[in-house]
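Take a look at the structures below.
What follows is chain A paired twice: with chain B in the first complex and chain C in the second.
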Partner chain A sequence: MASIVGSYSLIFGLSCSFLIIFFSIKNFKNTQVFDNRILSFTFLQFFLVVISFFSLILAFVYSDFSNETVFNHSHTTKPLFYKISGTWGNHEGSLLLWLLVLTLFISIFLLKSKKQKKQYRILTSLIQQIIIIGFFFFLIMTSNPFNYIFPIPKEGLGLNPILQDPALAIHPPMLYLGYVGSSIIFSSSLAAMTLNDISRDWAKHIKQWVLVSWFFLTLGILLGSIWAYYELGWGGFWFWDPVENVSLMPWLALTTLLHCILVLEKKLFLTSWVVILSIATFTLSMSGTFLVRSGILNSVHTFANDPERGLFILIFLFCLIFLSLFIFFFFFKTDKNNNSLFWLSKETAILVNNWFMVYFLVVVLVGTIYPIFLEVFSSEKISIGPPFYNKLIIPFLIPFLLAMTIGPKLKWIKSDLRNKGYLILFFIISLLLSIMIIKNLSINFLVNTVLVTSAFYLFFITSRDFFVKGFNKLSQNIAHFGFSLLILSILFNNIFSTEIISNLKIGETFEGKNFKIKFEKIKQKEEYNYKSIKGKFKIENLDGSIEVLYPELRIYNQPNIVTSEADIKTNFLTDKFMTMNYVQNQDYFNVRYQVKPFMIWIWLSVILISLGGFVSFFKRYEN
Partner chain B sequence: MKIKFLPFFLTIIFLTIFFVFYKSLQTSNIYTPKTNLEKNIPLFTADIFDSNKKISSEDIFKDNIYYLLNIWASWCAPCREEHIFLMDLSKSKKIEIIGLNYKDKIDNAKKFLNDFKSPYKIIISDLDGTLSIELGAYGVPESYLIYNKKILKKVVGPISTNSFSAINKLIK
Partner chain C sequence: MKIINYLIIIFVFLSFNSLKAQDQNDKLNIEITKNLRCLICQGQSVYDSDTEFANSIKILVQNKIKDGKSEKEIYSYLKSRYGEWILYNPEFNKNTYLLWLLPILMFLIGGAIIFKLFIKKKN
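And now, the complex of A and B:
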């Protein structure tokens, strides 16, 4: 029943799009007044998609296995929370979620843009409707979430246990809010370009959307990363996996766009940057979806194994790219008042930032898609891993951090170095501090010292600004401070991590250099949809402190999969991370124990970075 | 004229990208590993390198000793770095090294083995890369220390002095 309602409301939602397009075209030239029917039908469309989405959730909650999506991805013994989150934990459901956010955002956009010009609003809504129609067709024709199966199966196939996790339940919605937010930026900049209306007012108005998408995209990436840390059990936070990369690329483009918009809001400068980045952010989001969903890149996100689906996204994606190219070349006029730049000014600093970000973006882009190109042209297969990214990105991080420290201190148009003595003082302090930290370690002295110095430098200067400037430029300060903290935490995490892997029997003790690990006992327990085996490990540190860790093995019944849940003791300075695994037909367990300093600071600093965007969003109410 | 040239140029670039994606879409063999967490080595049958015979994983890892499954390819430069460690390990009686030749050309691989000497007891080939995905590999080179059909340790990237001593400690 729910499936029928959902299915029909999708079709009605699609027909709304055509009505909106019809009214938009009629309204575009004729009158000066915005036709409110456009608004009403946009709301109606949103409402219909909401109904459709809720009926899918209902089908999941009541385990209605006559629905093919539910049958493939759910099971009666699954906890209610994961039945609900399972709704968007699959290809069909996640596309419906995407559509839901698309229609929600265009409704909000039309509501919030009442002060803007009529033609601009109509054109934005028109371009957005083209995207919405594309997704409707994609959903209805190739991946309908409401397919009926008969005879009705008694039991479903179950959700992959590694996806049964709270962080992963909210990871897709967050990421989608970011991706789809970038579609509004895309449509709006195309509309503004067509009307030759890229102005400071436009920048002020679109800035809110850039901030919202950036905020959610940052959080979405963070959640995915946290999930990988404690669920995948390899004990890291970023693997340069293609799937992670495709979410990082729109983030890099969006971050650059954010900085450009902040400039454009103040003076008419960098317009072509803004336009190209708006287009790039959305197309990168779409290409990401295409690459991971079509199965070209193998990953945990590969849901679709139907080439037809991949082909659809591909054609749709390139239609949008060519549409934006067409608009760019026929309508875009570069700003004539392109005054020359003084080398020491905020504008130059922003440009330097842009070029660095573009460089990072290109590195990630090449690393991700080069193997695909090579395989097509020469049928040679390669894989690109962390060393590639580390070698190409880390050295450039040093000047990037320095520019990030000094850039915000410069004035618009022309700046000088008077009253900047403290910059040198702080640099010397950072340098001495890093030398003290690095010199006793057996790692490459020069590179690490310079890296840590530049990170400390940004850290100290932004900390100082909290005291000197107070609430002035608070958002920028929080975000940059968060970034310096992120880089510092990552560096120290890499430098000071230790790892032990050993096979232990119950009662045995492993003696390490600084600690002893005693395997005390295991406890077996039947849970709702899995069997749990929990080990108890006592760790005695050299300083006498004792820690008890309980890593766990879970044997899920549907589908039959064993997952290992790491036990992580987090405190202010270090994470103690332990996983345990079977050694088959033996009393031994394979135990992996890691001490990872500053893990929590990596997460916290990313939260700080996104908080910067959050504060900036609400800043307009202060003024 | 310069302005007119750019749109064409960009159009051609994007058409090329479209073509490449389209091609790889057709050739892509979708393959999702069951799970990355399965620390048991998966059961598989693979071709023995440079022969028409097949061998099953049961037969490869049958003895009660340690095995090091090393994923390598002749085109992979880091594989040359770790070669010296593999040669050293191959002298030990407690461990056998199994090579997994990843997406390689037979002739190049043979040349590699001739030039450097083979540390491997058995070499199996994985021409399309599916076996490596099944094992949960991230790339080449990668090594798995296996005992009793369980993966005890995974070394991503070339074996370094650190991971070499860690392996030695484990098999002691």
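And now, the complex of A and C:
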């Protein structure tokens, strides 16, 4: 029943699009007044997609296995929370979520843009409707969430257990809010370009949307990273895995755009660059979806793919790129202003920021798609992993951090470095501090010292600004401070992490250099939809402190998969991380124990970074 | 007596050294296996994986290190046996010139564009 309602609301939702387009075209030139029917039908469309989404949730909650999506991804013994989150834990449902956010955002856009010109609003909504129609067709034709199966199966196939996790329940919605937010930026910049209306006012207006998408995308990536840290079981938080890269690329583009739009807001400069970035951000989000869903990538995160779907997104993507190129070449007029550019100014600093950000973006992009192309053209398979990214990114991170420290100190148009003696003082302090930390370690002295110095430098200067500037430029300061903290935490985490892997039987003790690990016992327990085997490990540290960790193995009933749940003891300085793994036909377990300093600071600093965007959004809202 | 003392000191020193070497070997082993792809997994390194394949590679690498093989030799051995697909650190050869140089090239082009912006504005 729910499926029928959902299915029909989708079709009605699609027809709304055509009505909206019809009214938009009629309204575009005729009168001065915005036709409110466009607004009404946009709301109606959103409402219909909500109904459709809720009926899918209902089908999941009541385990209605006559629905193919529910059958493939749910099971009666699954806890209610994961029945609900399972709605978007699969390809069909997650696309419905995309559509939901798409229609939600265009409704909000139309409500919030009443001060903007009529033609601009209509055109933005028109382009957005083209995207929406594309997704409707994609959903209905290749991945309908409401397919019916007969005879009705008694039991579903279940959701992949590693997806049964609270962080992963909210990770996709967050990420989609970011991705889809970029669609508004895309439509809006195309509309403004067509009307030759890219102005400072437009920059102010669209910056809100940039901030919103950026905020959610940042949090979405963070949640995914936290999930990978504790769920995938080897204690890393970023693997340079293609699917992770695919979410990082729009983020990099969006961050570049966010900085670039600051310039446009002040003076009419870099307009074409802003437009290119707006187009790139959404295109990257879309191609991300394409790469993940098509199954081309070899990734630990692959869970839903089908070549036919990939092809559809690819064609759709090409249409959108073609449309944007068409508008860019035929409507866009380059800025004829004669703003002079002085080498020492905030504009230059932002240009430098953009330069490096785009470079990082290119590194990630090339690293992600190069193997695909190489395989097609020469049928040779190569892998690109962390060493590639480290080699190309780390050396460039150093000047980037330095520019990030000095850039915000500069004024618009023309600046000098008088009265900035503290910049040198803080640099010397950072350098000495780094040398003291690094010199006793058996790692590459030069690279690490320079890297840590530049991160400390940014850290101290931004910390100082909290005291000196107070609430002035708070958002920027929080974000930059967060970034310095992030780099420092990652560096120290890398430098000071220790790890051991050992095979242990129950009762055995592992003797390490600084600690002893005793495998005391295991406890078996029957849970609702899995069998749990919990190990008890006692860790005696050299300083006498004792820690008890309980890593767990879960044998899920449906699908029959064994997962390993890490036990993590977190405090402000270090994480103690332990997993155990089952080894076939042996009476021992494979145990992995890691001491990872500053883990929590990595998460906190990303939260700080996104908080910067949050503050900026509300500060603007008050104005 | 004195000689025995010296011998003990030398012995302790030697065993300490070999202990340190053991430690170094473990570190090298971790570093190498982190740079190898587990061929039967979905995007996991050999180090991160606990599959039979990964475990056999771990032991293989350990033995090679014990035999005194250098990091480079181990990589090239594995490459000849399993193909380039196993290496997470792509080599610089005719297949990968573009991979390594394209980002750098883009960086230079970006710099040139910014530079041109200054020149143009001055005139």
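Assume the second predicted complex is superposed on the first by the 608 of 623 C-alpha atoms of A that agree within 3 Å, B and C clash if a C-alpha of one lies under 4 Å from a C-alpha of the other, contacts with A are read in each partner's own complex, and residues count from 1 in each chain.
In this text, a contact is a pair of C-beta atoms (placed from the backbone, for glycine too) under 8 Å apart; a residue touches a chain by one contact, two chains touch by 3 or more.
Note that this is a predicted model, so its numbers are computed, not measured.
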item: Combined model on chain A: chain C and chain B, fit or clash; value: clash
item: First, second, both or neither for A:444, with chain B first and chain C second; value: neither
item: Which superposed partner A:242 touches (first chain B, second chain C, both, neither); value: second
item: First, second, both or neither for A:36, with chain B first and chain C second; value: neither
item: First, second, both or neither for A:358, with chain B first and chain C second; value: second
item: Chain B versus chain C as contact partner of A:199, first or second or both or neither; value: neither
item: Partner chain(s) touched by A:378 [first = chain B, second = chain C, both, neither]; value: second
item: First (chain B), second (chain C), both or neither touched by A:387; value: both
item: First (chain B), second (chain C), both or neither touched by A:509; value: neither
item: Which superposed partner A:571 touches (first chain B, second chain C, both, neither); value: neither
item: Colliding region between chain C and chain B, picked from 1-9, 55-63 or 163-171 after the shared-chain fit; value: 163-171
item: Overlapping contact positions on chain A, where the chain C interface meets the chain B interface; value: 232, 234, 239, 241, 298, 300, 302, 380-387, 581, 583-584, 590
item: Residues of chain A defined as touching chain B within the complex; value: 160, 162, 232-234, 239, 241, 290, 294-296, 298, 300, 302, 305, 307, 310-311, 314, 318, 321-322, 325, 329, 372-373, 375-377, 380-387, 501-503, 561-564, 581-586, 590
item: Of chain A, residues touching chain C in the complex; value: 232, 234, 236, 239, 241-242, 298-302, 338-341, 343, 351-352, 355, 358-359, 362-363, 366-367, 370, 374, 378, 380-388, 392, 396, 499, 513, 581, 583-584, 590
item: Residues of chain B that touch chain A when the two form their complex; value: 6-7, 10-11, 14, 18, 20-28, 30-40, 75, 78, 103, 129, 133, 138-140, 147-150, 152-154, 156-157, 166, 170
item: Chain C residues touching chain A - in the complex, by the definition given at the top; value: 23, 30, 34-35, 37, 41-45, 47-48, 50, 52, 83-90, 95-96, 98-100, 102-104, 106-107, 110-111, 114, 117-118, 121-122
